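Okay, handing you the structure first.
We just call them A, B, C and D in the order they show up, numbering each chain from 1.
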Amino acid sequence: MVNYQEILDAIYEKLQKRVDKGTVASYIPELADVPKEKFGIYLNRINGDDYFVGDWEEPFSIQSISKVLSFALAFSKLKNQVFRRLDVEPSGNPFNHLSLLEMENGIPRNPFINSGAIVIADMLISLLDDPKNDFLAFVRGITNDDTIQYNKVVAASEAETGYGNYAAANLLKSFGNLENEVERVLDFYFHQCSIEMNCQQLSNAFYLFANRGKCMQNTTHLTINQVKRINAIMLTCGFYDEAGEFAFEVGLPGKSGVGGGIVALLPNEFTLSCWSPGLNEKGNSYLGMLALEEFTTQTNLSIF
Amino acid sequence: MVNYQEILDAIYEKLQKRVDKGTVASYIPELADVPKEKFGIYLNRINGDDYFVGDWEEPFSIQSISKVLSFALAFSKLKNQVFRRLDVEPSGNPFNHLSLLEMENGIPRNPFINSGAIVIADMLISLLDDPKNDFLAFVRGITNDDTIQYNKVVAASEAETGYGNYAAANLLKSFGNLENEVERVLDFYFHQCSIEMNCQQLSNAFYLFANRGKCMQNTTHLTINQVKRINAIMLTCGFYDEAGEFAFEVGLPGKSGVGGGIVALLPNEFTLSCWSPGLNEKGNSYLGMLALEEFTTQTNLSIF
Amino acid sequence: MVNYQEILDAIYEKLQKRVDKGTVASYIPELADVPKEKFGIYLNRINGDDYFVGDWEEPFSIQSISKVLSFALAFSKLKNQVFRRLDVEPSGNPFNHLSLLEMENGIPRNPFINSGAIVIADMLISLLDDPKNDFLAFVRGITNDDTIQYNKVVAASEAETGYGNYAAANLLKSFGNLENEVERVLDFYFHQCSIEMNCQQLSNAFYLFANRGKCMQNTTHLTINQVKRINAIMLTCGFYDEAGEFAFEVGLPGKSGVGGGIVALLPNEFTLSCWSPGLNEKGNSYLGMLALEEFTTQTNLSIF
Amino acid sequence: MVNYQEILDAIYEKLQKRVDKGTVASYIPELADVPKEKFGIYLNRINGDDYFVGDWEEPFSIQSISKVLSFALAFSKLKNQVFRRLDVEPSGNPFNHLSLLEMENGIPRNPFINSGAIVIADMLISLLDDPKNDFLAFVRGITNDDTIQYNKVVAASEAETGYGNYAAANLLKSFGNLENEVERVLDFYFHQCSIEMNCQQLSNAFYLFANRGKCMQNTTHLTINQVKRINAIMLTCGFYDEAGEFAFEVGLPGKSGVGGGIVALLPNEFTLSCWSPGLNEKGNSYLGMLALEEFTTQTNLSIF
C-alpha cells in the first residue's frame, strides 16, 4: 500500500532544502516579485483521496497551463475542425519558433506553443458570445470553484511587453490564419494566461483529463476519445523543448507554465500539481520537475 | 470480455478490401518487389494468449524497427552514457533531417532518426567483440528464435544506394561524433536494418518492452526504468514526422519500418504487430496505421 | 559613339509588344489599379545629357526603392554606427525572412530587406526632429524637386494590411532592436515607401550615387567612401532573392520596388530608371529587368 | 600619377608588423605547418606593369581559389547549361551549409561554396578525357606557366579528413545531382584544391578575368559576357559569409582560399594577389583582407 502523504512529505523535505531553486521569470514585474522559496504540491486521486504539502493553497499565475484548458474548450466545440488550422506534432525546436511557423505557412505545430494557443484564442473569440466571461465560466465549471479569477494587472503587463506574441499573431494574420483582430485576440490570450489558481484548484481543474472527460462533479465535458487525444498532446508537446525529456524522465502527460506551475496526470489514477516559481533553463519549474521525477520514480506510476 | 480474435478478423476483413493500399518503397529492388496485397497482424498478450490473421507468418524486412533493438542493446550496456552522444527530443521536422543535425553540431535528435541510429551502430561496433554476430544473437535471444537472419542482398542494395546515410555518417564524423570508420559503421547499420521477421517474431521480440524488461523466456534484459524510457522514446519519436499524429490517434508506443512493418505495445498488456508493404505519404505502413487505429478505438486500450 | 536615344527607343519598342508583362502587385488597391501597359525609361548621364521614352513622366509608388534613400540619410548622419544594429550581408533566403531575423537574434541581414529598413526607420525617428517632414525634405533636396510627395492613401492601406511588417517590427522589438514604438516606426516606414516619383525624378534622386556623393546641384551629401559602400550594398542586396541573378545578368548596383520601379547606376557614368508595374515571380518589374539586361548588353556598360 | 610600388611597400611595412596575424588552418598538417609570418603581394596591371613585395615568389595551396578556375573551364564549355545544376545566389548563411543544400533539393547556391564546386568537379569529370591532366593543362595555359603542380600530399590529406565534403557529395548524390561516383569526384576536387601557386602566378592566372577573357598570351578563353558573369559571382559569393562585407569594404571581385591566398581584380585595370596564411574568423586571410582594404582605400580604385 503506497503512503502518498509520506512520499509527498519526503519529496518536499528534500527539495525545499536545495540552494539552487532556478530563476524566477522576470519579464513582467508581477512574476518577478514572487519569492522563489515558494513550493507546494497537491495530489488528487480519482478515488477522491487527496494529499498536499507546502504552499499548495497559495495562488499563482497558471500562464501556459491555460493553453490546455482553452484547447479543451475549443476541441469540445469544434471537434476535429480545430485541426484545420493547427497541427499536433511536437515543435522540437529550441531556438526558432517563428521560423517554423513561417516555413509551415502559418500553421502552428501544436496548440501548446504560443502561436498555436493564439490560433485557439482566435477560434474561441469567434465561437463564444462573451469570450472572456465564457472562458472563465468554463474554467470555474470544470474546477467547481467560482473564486477563480483573471489577474488583470498581469494581463496588462503582458500586453505591454509581449512583442514576441504580437509578432506571432501578426505573422498568423499575414498567413490568413487569424479571423479576428490581433489586438482582440491577444487581449483574450493574455487574460487567459493570467488566470490564478493554487495547486488544489489546478489539480481539480485537470481532474477531467484523468477521469475520462468527467469533472469532479461528474459532469461530462469531453468524450473519452477527446481526453485521450488531449493527453497525447500534453505528453508530446506539453513541456516546450523539454517535452521529450519529460516523457522520458517522468512518463506522464502534463503541462507547465512560466509562473512555475506544473500539472501532470495518470489516466484513471490521479492528477498531481506542483508549484515553485524558480525555472530551469528550459523554462519549466526547477523544483516542480524534480518533484515529478521523484514521485514517479518512488511510486513507479507512469503510462509506460 | 474482449474477443480479440474477432476484432483482428474484422479489421483484417475491412482493410484488405481497400483499393488504396499505399505505395511500396521502391528505392531498392528487394523492397519494391513485395506484393502490396500482403497484410498480416499478430497480437501477443502478456498473459500468453496470442491471436493472428492474414500473412502473419511471412517474413519481411524490419528496417527502422531494428533501431529500437539496437538502441535497447546499447542502452542496456552503456546506461545513460548513450545520451552523451544523442538526445531524446522528437525531431519534429518533416523536410530537412541533416539541417537539424548540422545546426545542433552533430548531436542527433533521438536514436530513432537515421543519424541517431548510426551513432548507436557506432557505439555497438566499439562495444561488441563481433558486432554483426553479437547483435544478431541479442535479437535471437530476446525473440527466442534462432532462425532470424540478416538479408545480405538487402544490406548490399542499401549500401549501394544509401547516399543519404553516407551523407549523415560523414556529417557525424565531421563533428567528431563517430568513432569508427564510416564504411564499417554503415555496413553494420545496413545489416541491422536488413533483419527479416514475420509478425509473430516481431511481437515476440518486443515482448520485453511490454513486460518490464523480461523477454518471453522470463530473462531480464533491461531494467524497468530503461524499458519505460525506451517506450517513451517510441511514443514521441517512433513514427518519423507522424509521431505526434500517432500518439494522438493510436496512443501506444511503437515503431514502424519502411518495409511496411509496425509494432506497438501497451505496457503490461500486449504487443501488436502489423505488416503491409504499402506506405502512406509519411513512410509508415498505410494499412498498418489504420489497423492500429481501429484496434485501439474498438478495444479502448491506450496509455492515455 | 553610342546613340543612347536609339537604344532606349529600340528597347521600349521591343519590350512593350510583349504579351506577358508580369503581374501587378495586388495586396493594396492603390497598386492593383495601375494598368500594366505602363512602361517608361529615363537615362541620366553624369555629363548632363538625358534620354527618355514611354511613360517616364508618370509618377508611381517607389516603395522599397525608398530604402536606399532612408539608409543614405541614416548612414550620412550616424556613419558606421548604423552597423551596430544591422549587417551588410545578402539575405540569400527566398522563403523565410523572419526565420533569419530570429536565428540571428534580431539583427537584420542588410538595410534593404524589410526588417533592416524598419531598423533604419527607427534610427531616423530617433535622429530627426520631425521625421516625416525632414525625410521628405532630404529626398526633395537630393532630387532638387519640391513637388515630391507622400501618398497618404497608400501609406494608410499598407498600415491596414501590413501584418508581415508588424510581425517583423514586433520581433525586432522583442530582441531590443527597436527604440521607438512599433506603431510610430511603421507609420514612418509606410510613409517612406509611399513616396511617388516618375522615372526622371528617380534618376535624379540617385544621381549622387553615380556622382561620388554630389547631387545634381553639386551639393555633397555623402562621402565617396559612403557612396561606394551604398553601391556595394545595392549590388549585393538590392533585388531580393534575385540579387545574385541581377548582379550576374545586369552587373550594375540598383534597387527595385514592388510598385514596378527599378533604378540602376554605373558610377561616374549614369543613372537609369525603368518603370512598369507588372512584376516577375521574384517581385521585380518584369519589363524593367529585361530593359536593364538589354541596355547593358547593347552598351556593354557594367561594373564588371 | 599613382606610385604602386610605394603603396605596396607601405602596406607591407605596416601590416607585417602586426602582432595578430590570424590563425593558420590546422585541419591538415600540410597547411598547419606554414609559418604565419609569410606575407606577399603581387600586382599585375593590364598594361603590363607589375609590382610586388614580400614573399610573392613562395608557392602556397590555392585551395578554394581553384573554384573560380574550375568554374571558368566548365562555363566556357557548357555555357549556361551549368546553371541547370546550380544557382548563382549568395549563400548568405554562416552556420549551416548542408541545410541550405537540403532545403533546396540538392541545387547548390553558387559555384563557390563547396557543394557547388563539387557539382562543377562532377561536370568536368564527365566533360574531360583525362580530368586531372586536362584541368592542370588549362590552369597552366591561362597562367602561361608549365611548372604549376598539384600537391598530392595535400590532396591525400584532404581525402582522409574531408568528412564534410563527403557528406556534401553524398547528399548531392542522394538528390541525383552527381553523375559520377563520390570517390572519383572528390579525388578530382581535392586535387584541384591542392594546386600550388605563388602570388605572381595567381595574379597571372586571373589576368583573363580583368582582361575581358584574354590571358597574358592574348588567347581568348572566355567571352566578355562570361567574364562579366564570373566577376559578378566572385563579388557576390567569393568570400564565404564575408562576401557582403568584402564587397562593402573592398569593392572588387575576388576569391580567397583557406591556404591564405586572396586574389582580386578591377576589370580593365589590374589583378592583385595577397598571401598570408593566418586567417580571420571567417576563414579569409587576415593580413590579405587588410591589405586589399588598404590598397583600394589609398588608390580609390574599386568597381563602385
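Structure notes:
Assume a residue touches a chain if its C-beta (ideal position, glycine included) is under 8 Å from a C-beta of that chain, and two chains touch if they have at least 3 such contacts.
Values in this document were obtained by computation on a predicted structure and should not be read as measured data.
Most remote from subunit C, judged by the distance between CA-atom centroids, is B. Measuring from the averaged C-alpha position of subunit A to that of subunit C gives a distance of 47 Å.
Inter-chain centre distance (subunit A to subunit D, centres taken as mean C-alpha positions): 55 Å. One inter-chain figure worth recording: subunit C and subunit D are separated by 32 Å, centre to centre, where each centre is the mean of the chain's CA atoms. Multi-chain contact residues of subunit D (touching two or more other chains) are listed as 95, 103.
Every pair of chains that touch is listed here: A-B, A-C, B-D, C-D. The part of subunit B that touches subunit D in the complex is made up of residues 95-99, 102-103, 163-164, 166-168, 170-171, 173-174, 182. Considering their complex, residues 87-93, 95, 103, 109-110, 224-225, 227-229, 231-233, 235-237, 241, 243-245, 247-249, 251, 253, 267, 297, 300, 302-304 of subunit B touch subunit A.
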